[in-house]
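Note that chain A is present in both complexes that follow, paired respectively with chain B and with chain C.
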Partner chain A sequence: MIRTPLTAANSLIQLTDTRIKLLSAAGFSTMVACTKTLEVAVVALATSLCMVILAGLPARQLFSRLITANLFILAIWCITPFTTPGHVVISTWIFKASKEGLVQALFITLRCNAILFVNLALLSTSNPFSLAYALLALRVPLKLVHLFFFSWRYLHVLNKEYERAQIMLKTRGFDPGTNLHTYKTYAYLVGILLIKGYDRANRVHKAMLCRGFNGTFRPFHRLHLGSKDSILGIIMFLLITMLAAMEWIPDLHR
Partner chain B sequence: MHISEGILSPEILLAGAAGTAIGISIGLRSLENKDIPKVALLTSAFFVASLIHVPIGPSSSHLVLNGLMGIILGWEAFPAIFVGLALQAVLFQFGGLTTLGINTFNMAAPAIISYYITRPFLRREGMGAVGLLACAAAGGGSIMLSALLVTLSLAMSGEGLEAIGRLIFVVHIPVAIIEALIAAFTVNFLLRLRPDIIIPEKTV
Partner chain C sequence: MVDSTLITLKNIGFGYRAGQMIMDGLNFELKQGDRIAILGQNGAGKTTLFHIILGLLKPTKGTIAIFGKRCRREGDFKEIRKRIGLVFQDPEDQLFCPTVLEDVAFGPLNMGAKPEEAIDRAKDVLDQLGISHLSDRAPFRLSGGEKRVVSLATVFAMEPEVLLLDEPSTGLDQLTTERLVEIIRSYPLRGLVIISHDQEIIARMATKRLLLRDKKLVQISA
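After this line comes the complex of A and B, so read on.
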């Protein structure tokens, strides 16, 4: 359940420095989230699609992610055009779709997918360890990075506990339904997970003290920027600048 | 209960990010180095617990547990929820970098309120009927308050989005009832079995 299958891809983007990827993804997502120009949204979607292709991600996982993200978008297409006031373009029975509403739904679809693509191409291809180091290098508070790192590290352990508890419930004939017994059982399951996490944390902390942990975070691999990393960084910077120019310098995109 | 990328207006995203930055800095200030593993592992426990699907009538919903996180973690719920959502973004691509701020705020602000309304009633020797009610109110109220914040975020981002926001609010009413029960039962369970998790012992 909790795996990172996308980090397995072995592509140029996968091997790029995580700091560059993180900064690029943040800059690109922010730009796309701000855009109100159709051309910018279309160009962003096209370029982010190229990034996904370059990243060489497995197609099946890619599609399942796309479908989940677009279910909510589908709901927006079903509701927003009929609830936004404006110039009516489609009218059936009592439902009237306005041009403004359709345009808004289109924008949301383009922006949402462009950001999803860039996240898939740049973020999902980094493993947790390099992501933690990159966050530290980018001056994210040490305590927050520690939290992130340890939560990730022990997610599998607690997921194992959860799977074991599920088997235990099944062997005892637990049949979930809409009743108080079910909710009580699940509440106790939540409680058990919290106790397991808490006790594990105490042991982890003691083990860390034994090994002389003093609150610093030592990278196993030194991060260093190669020429390939710089090139990708420069390309992303130029792309974001171009999108910004198209968005905010008037008459440029007309 | 989180809003996807590309929907909200930049102003709302920025406001959410600012609120979250303040919340996280308060949370981190009270977090001592020795408590980092504890908060981190409780965060992963909450993350796993939120994968539990509970039946509601013919449908089902996964647990959110933001109220419970507030009751147990206090202000540290802010960084904890942030980390949980960041993990979701990296592992499942649910949400991304630009919505992390507003989504954290919408879930964590009610968690902090939960902390303050339940703390006076929690004692090592138990909490009584009033405490049980306070926990239920915190668990259910957090869901409703989060849903309200989500609805407001949507309504302020575009006229046409208000309707979908209202729909989200209504859908969360049954979820809130279940979260109320889960929060009360879980706190009661922990107080009887392991009160040290709810009320940490004072160490020198």
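After this line comes the complex of A and C, so read on.
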């Protein structure tokens, strides 16, 4: 099943207005993605780690997400050091790792994890409903918000369909192997899923029209900013400004 | 001597959530020639019982023996599923191929038949059930009644010895129901278990009634 276990954490960050969190996460992520300075990446990682701790996320789910993301980064460590030209520090057989390549891989690791941390701390602690409303409030195009909201909503349905297909295949004696019959079966399953999905989308749309849907969602709760929202907003603004200063004012980090 | 007991469930316990058992100490026996109807409220666990028999769900306690052999692992159940046919409550869950013919041939192919054998077998079954004219149609574009008969055909194509029917008459009109009952009654089965709320269907197809209540199966008189 698809769950949102991290929204259950009860902390200052979790209770902060989603619009502030969205803006902060977007600003911070952009800054980290733009940086070319190792020191900025280190500071960003450290501060985002603090945010994860403050958010009080359950450790087990946190680690499983981090491991998944870092598996991709592992692939970078396997390739970048050996393909970046520069001063060779490790040399085995035909593989030669350069210092520049190792630094590059480290740099990518730091930045990816910093962005991951900040999004886990700020965004995973909001439920998808409030994220959708916050996106609307921030004037994100309606179509994109609908796409986000319905993708989330129908992931459950897809998952359910997948479970049903598994049971059906078992009752009919299907044994997956490396053969044409298996590939054909899976192709048929994907095909029927698309057709059923299209049909269902049409039915849901008709049902929504019957209930007076005119293309907009009316927010359930009125969003309003409190003092604790301003505090987090100001802290994040200062942090991003500090990182930007370290990056672009040349003498600051020397 | 050949064991005449087809399915034996002993002291089965099962729950979807910890601490919430929907079956506890449940016993069930299907003997050669038995035609059993299972009744019970919505959510009592009737469909779950079928899934346990076929090893699709693992009970938390109890033992399962089918055709006189204890079933423990997935491997044991794989063989069982080729001999016990399950007709799903919703044919939508069962049909997935581009054409009816391919869907019916899917089971025989899985049982190791060559493609041409499987297609012959599928054609025979469609013929027997009187739906040869549907063979090139797309299953998901059929009417509710047609889908139901096709889903029955997909199971018959595997030549099951025992049939498990989950609410076979839901959403069918009188005439189609009638045809379905006749088809199943004329098919040579060693045993039949049917979940239904339809008293008429039960009266015509079952010789014994069991009620799933308070986590157990109890026999009720007709």
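Going forward, the second predicted complex is superposed on the first by the 248 of 254 C-alpha atoms of A that agree within 3 Å, B and C clash if a C-alpha of one lies under 4 Å from a C-alpha of the other, contacts with A are read in each partner's own complex, and residues count from 1 in each chain.
Heads up, the rule we're going with is that a contact is a pair of C-beta atoms (placed from the backbone, for glycine too) under 8 Å apart; a residue touches a chain by one contact, two chains touch by 3 or more.
This is a predicted model, so every value here is computed, not measured.
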Between chain B and chain C, more extensive residue contact with chain A: B
Contacts of A:K228 with chain B and chain C, given as first, second, both or neither: neither
Partner chain in contact with A:G191 - chain B first, chain C second, else both or neither: both
Shared chain A contacts, counted only where both chain B and chain C touch the same residue: 188-189, 191, 195-196
Complex contacts: residues of chain A adjacent to chain B: 1-2, 4, 25-26, 29-30, 32-34, 65, 68-69, 72-73, 75-76, 79-81, 83-85, 98, 100-101, 104, 107-116, 118-120, 123-124, 126, 128, 131, 141, 143-144, 146-152, 154-155, 157-159, 161-162, 176-178, 180, 182-184, 186-191, 193-198, 200-202, 204-205, 208, 215
Chain A-facing residues of chain B, complex: 4-8, 10, 13, 24, 28, 31, 33-34, 36-49, 51-52, 54-57, 63, 65, 68, 72, 79-80, 82-84, 86-87, 89-94, 96-98, 158-164, 167, 178, 181-186, 189-190, 193-194, 197
Partner chain A, residues of chain C touching it in the complex: 51, 54, 56, 78, 81-82, 85-86, 88, 92-94, 96-98, 102, 106-107, 109-111, 140, 154, 158
Residues of chain A touching chain C in the complex: 164-165, 167-168, 170-175, 181, 185, 188-189, 191-192, 195-196, 199
